[in-house]
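After the structure tokens below, expect a handful of questions from me.
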Amino acid sequence: MQINRTELLEAYRKMRTIRVFEERVHEEFATGQMPGFVHLYAGEEASAVGVCLNLSDDDKICSTHRGHGHCIAKGCDVPGMMLELYGRRDGLCGGKGGSMHIADLSKGMMGANAIVGGGPPLACGAALAAKTLGTGKVAVTFTGDGGSNQGTTFESMNFASVLKLPVVFVFENNGYAETTGSSWSVACGDIVNRAPAFAMPGVMVDGHDFFAVHEAASEAIARARAGEGPTLIEVKVDRYFGHHEGDSEKYRAPGEVAKLRAEKDCLKRFRKRVTEAGLLQAGELDAIDRDVGALIDRSVKAALAAPMPTAADLMTDVYISY
Amino acid sequence: MARKLTFRQAVNEALRQEMRRDPTVILLGEDIAGGKGSPGEQDAWGGDMGITKGLIGEFGERRVIDTPISESAFIGAAVGAATSGLRPVAELMFVDFMGVCFDQIFNQAAKFRYMFGGKAKTPVVIRTQMGAGYRAAAQHSQCLYPLFTHIPGLKCVVPSGAYDCKGLLTQAIRDDDPVIFFEHKLLYDVAEDVPEEQYTIPFGEANVVREGNDVTIVALARMVSFAKTAAETLAKEGIDCEVIDPRTTSPLDLDTILESVRRTGRLVVVDEAHPRCNMAADIAAQVAEQAFGALRAPPRMVTAPHTPVPFSPSLEDLFVPSPEKIATAVREARAYKA
Amino acid sequence: MARKLTFRQAVNEALRQEMRRDPTVILLGEDIAGGKGSPGEQDAWGGDMGITKGLIGEFGERRVIDTPISESAFIGAAVGAATSGLRPVAELMFVDFMGVCFDQIFNQAAKFRYMFGGKAKTPVVIRTQMGAGYRAAAQHSQCLYPLFTHIPGLKCVVPSGAYDCKGLLTQAIRDDDPVIFFEHKLLYDVAEDVPEEQYTIPFGEANVVREGNDVTIVALARMVSFAKTAAETLAKEGIDCEVIDPRTTSPLDLDTILESVRRTGRLVVVDEAHPRCNMAADIAAQVAEQAFGALRAPPRMVTAPHTPVPFSPSLEDLFVPSPEKIATAVREARAYKA
Amino acid sequence: MQINRTELLEAYRKMRTIRVFEERVHEEFATGQMPGFVHLYAGEEASAVGVCLNLSDDDKICSTHRGHGHCIAKGCDVPGMMLELYGRRDGLCGGKGGSMHIADLSKGMMGANAIVGGGPPLACGAALAAKTLGTGKVAVTFTGDGGSNQGTTFESMNFASVLKLPVVFVFENNGYAETTGSSWSVACGDIVNRAPAFAMPGVMVDGHDFFAVHEAASEAIARARAGEGPTLIEVKVDRYFGHHEGDSEKYRAPGEVAKLRAEKDCLKRFRKRVTEAGLLQAGELDAIDRDVGALIDRSVKAALAAPMPTAADLMTDVYISY
């Protein structure tokens, strides 16, 4: 699988944007001004970006409660996202959705989802639409290790396989569902071991390695586009923050995150690999870092200054007509 | 041109005509054609009640899709497909099965538009069978439309006859919001005059089934015909009932009900659902709140009891509100003296 | 001896004391201890709100069971275990998750006894969080108790404070029928005097929170304190409110409400749930039907609007009924002239 | 696995009782006097009996909409069942349940279930109770091929495996879910192929062979009792009647059932094997046939003559106290 320069720059920009967005949200949340349940994606960037780089706006993704990374990877407007997290009127969802329901259908981002296991059936639907309309488009659903144990997820895999739907099941196994270890909650150990039960190919990839994710996704998506049905991809990743902001993280090993950040950071690995291979220059990446920093800064400032929705907004958007 | 069609045929025709008109309409459900992966005939059933029979012949497997027994997956798929350019009509064989797929309906389909700030459109229809009287016992006989009516973002349709059924289902498919379409299983064989050409009946417009000046009876689905029967009996006793069929519980045409009660001063609501937090209470309470001054007698609610639906025919017949019980409530309302 | 306990502590203490008394009581739920299969501390969370913290230390893994994210499986397991000699208390983390496990609650647990001709006993408790105000948005903020109240065979408890919570939860665990126990997430940090010793509060007995003669306010869960606030404001205006907390929606102590309305002639029902087919309608309709002659003003319903729960704080604060809205409804009821 | 004479006689009696019960219900239904949805188990007898012969009254089973066979195998009162099917007051469930909800907890029969996939979570619960109380008892859940695709079933398997519950998942694959072929709806072909996904042993057995079923179940149940966790058993069976009474069965191959009855009847095979091996005498079996015939006759006559429940029964049994 060839990735050209433009794509590499784009990949880095998106991974970096996710990282800085999340680190900043972490800080902002701590100030007490950001409302709601917020689940950060930092550490898992290579998964969202490695997958979504293979998709166009007309391909669809379904995300989870931990959805910021998928949004950014799929091309959602970053200042709009920040406005949304702050519940502002001009947020991506008018302030009505918030972090757990952030979506942009025009970008093929069908929504974060606060119901674990909510996404897989919906992705089957997007895939069914693509198949029925013959568009050649695909759907990807991201699910956590915890969500892999939900009945809706299991039956979606059988359903997709039976109907040969162009859908890819990406399981982001970050080792935990809230406090619960995935090696315990997934009886068969690795989620990839479930693929044969659904008669679909299964691949396990190292989620710290953008290129590995990209390649696995690219193959699975090509299969889907070719009408060969679904694929299961298990991506081993790490989350750098708590389950949600405010989590005491006592269930983790001491020093666990520091070690992960030092040894397995997907951004550092990407930078090392592309600069060592001479694909991109360090200076180009530094420029992106600066850009991204400024973008996030601007986004937060704008969000803090932006107006809240008002009483007039409460009753709108329930129905198209009623 | 109108012919007699059964409610069953009306559903079939509404689906067929709209599928002809709009290539984005697809059907999904268990055994809705039948015979998938089996050695015998395809289209072997047309759904467990034969409603969708023949459609696969005209529209093929691409648009009439049998599914495994995986309600979350296929109802969810219908919802997801609705946000992606199709107008799916999914069949939840019995509404009693909502318990294995409700999330996709009430947290997903119902809330997308609001959660996404008005940027989603989810034109999905979920057709489902409801109601007692079929000796189908506790897990295949419930009404449950009150549960769906409670949920903002859903529209709920409860047709009482073949004519309305065709027009309301056509409307449901064309509607851009998620619609739950409740088909009472005891109505399937009842025939009415139904025009051959397509037509729609708007949601939120009640049908005044019978005009009258003494007592307003509001009844839903199968209870409409029971209310008419009661009204005829009562007419002989000199009690002149108005019978109103709201046709949709969400939106609800409260205005027509209020206008009637302002005239009659008396309200009886007939609801086959269990009594707590149901449509009878919903309507009675809204009328009491908004037309209090017009009420000359307590609003009365005639409902099923607070029990699961019993299997035994002798009990099930007692379970379902009867024309007699409706008539009694009307007489009491009429006789009430402050 | 009474000490101040928060609602959170009251739940914990009720569970702890009943687990000490009865070895067949077990707890099941996601992260209710926390840390299962993880490298760090066990009992890492005690549930997402810390309610069950410390219990695994006393009762061990055999009785405090963390589960995978598989609500159908573990809620169903709690139900099945209840028919097999245990008294399980399952935690459905948020009631909004009912959509992935409702079948096990409404078709299984609720109906066993009736379907099996009285031969089953299913002493299961499902504890669940509900309610808006936490900025948790549309899929984590619903009340939904009207849906459960509709179902025959379930009992529904909606405590408004720590004292009631302890007594009602103890009762729930000892009760031989399936009980859904709704904990409003905005009440967890509110403290009250709570006796150290065990006690039970029977279901179906409303609490008259404040006596008064002008208007009856019926309020549920978090709305009880809002109603009290409104009543205090109104007292200064010379309007003397009676505030009734039904404490359980099923069974419902209608008698206490009727008795009050017969005295005051005026009813305001406050329900944080969405307006359609909810408890406000349920109570208003029953009162209108049964105490019509006593009503001197229309029964008033103060509820959340017919919209999903919005995320933005500015909208969510408008979504939840406020003491001001309650006071306005009371004033209108009081001022009503026929 | 040794099966003694008494057990063999008991097994035959139960299989025969199921067969005659179902054949008779088929006739009775046709008269129009039996109400409701009725799903017959004829053809699958060796599965229910082969499994349940390993169980005591304190072991639990959860059944499906096709529950008569499981009831009889688990020891439910046959005249009481017939009364129930006719909706009579003295039926096994007071006439309130009917065919789809027939149950007798005192025999460890936790109920037929009209919700496909309803049983597996409940069986996990019975198993959890056994484990928690240390009774050494087990639970068995019967599920069809169609029900194997339900999310509740999948997640129960993972759940049971994670908690090492003493439960056995028996999948009765009769080739059809209503009209739908199982080779299509089960993406991985055989249900047994799913066992590894749930880290449990899986066995496939020929459901026409009582002895094969009995042995597989006996091993799985022994594992469960020993605290070694769940097992998946796929039993290949055939149903001799329609999905429910009244089914046109157009989805079947012409002559399919006649062939099955002629070639694969589990009762005939049992008779042949035990008589040829000299384990039982033909005369003993004939006597059982006569007994069973008389029992079913009596049951139908009694049911037809029995009183219906009355208004007084409508509101009872909803709660223990309210």
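Going in written order, the chains are labelled A, B, C and D, and every chain counts its residues from 1.
One rule holds for everything that comes next: a contact is a pair of C-beta atoms (placed from the backbone, for glycine too) under 8 Å apart; a residue touches a chain by one contact, two chains touch by 3 or more.
The model shown is predicted, which means the values in this text are computed figures rather than measured ones.
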Neighbouring chains shared between chain B and chain D, ordered by label: A, C
Chain whose Cα centroid lies at the greatest distance from that of chain B: A
Whole-Å separation of chain centres (CA-atom averages), chain A against chain D: 45
Inter-chain centre distance, chain C versus chain D - centres from mean C-alpha coordinates, in Å: 40
Chain centre separation (chain B, chain C; CA means) in Å: 30
Distance between chain centroids, defined by C-alpha means - chain A, chain C (Å): 35
Numbers and ranges of chain C residues touching at least 2 other chains: 68, 70, 72-73, 96-97, 99-100, 103-104, 107, 111, 114-115, 137-139, 152-153, 305-308, 310-311
Residues of chain A touching at least two other chains: 91, 93, 95-97, 101, 113-115, 149-152, 155, 158-159, 162, 184-186, 318
Topology of the chain contact graph, where touching chains are joined (line, ring, star, complete, other): complete
Complex contacts: residues of chain D adjacent to chain B: 35-37, 87-89, 91, 93, 95-98, 100-101, 113-117, 146-147, 149-152, 175-186, 248-254, 256, 308-311, 313-315, 318
Of chain B, residues touching chain C in the complex: 72, 96-107, 110-111, 114-115, 137-139, 146-147, 149-153, 249-250, 252, 273-274, 276-282, 284-286, 288-290, 292-293, 295, 297-301, 305-308, 310-311, 336, 338
Of chain D, residues touching chain C in the complex: 60, 62, 91-97, 101, 103-106, 110-111, 113-115, 118, 120-126, 128-130, 132-133, 139, 151-152, 155-156, 158-160, 162-163, 316-322
Residues on chain A engaged by chain D in the complex (per definition of touch): 149-155, 157-159, 161-162, 184-189, 193-194, 196-200
Residues on chain B engaged by chain D in the complex (per definition of touch): 30-31, 34-42, 44-45, 48, 66, 68-73, 96-97, 99-100, 134-140, 305-308, 310-315, 318-319
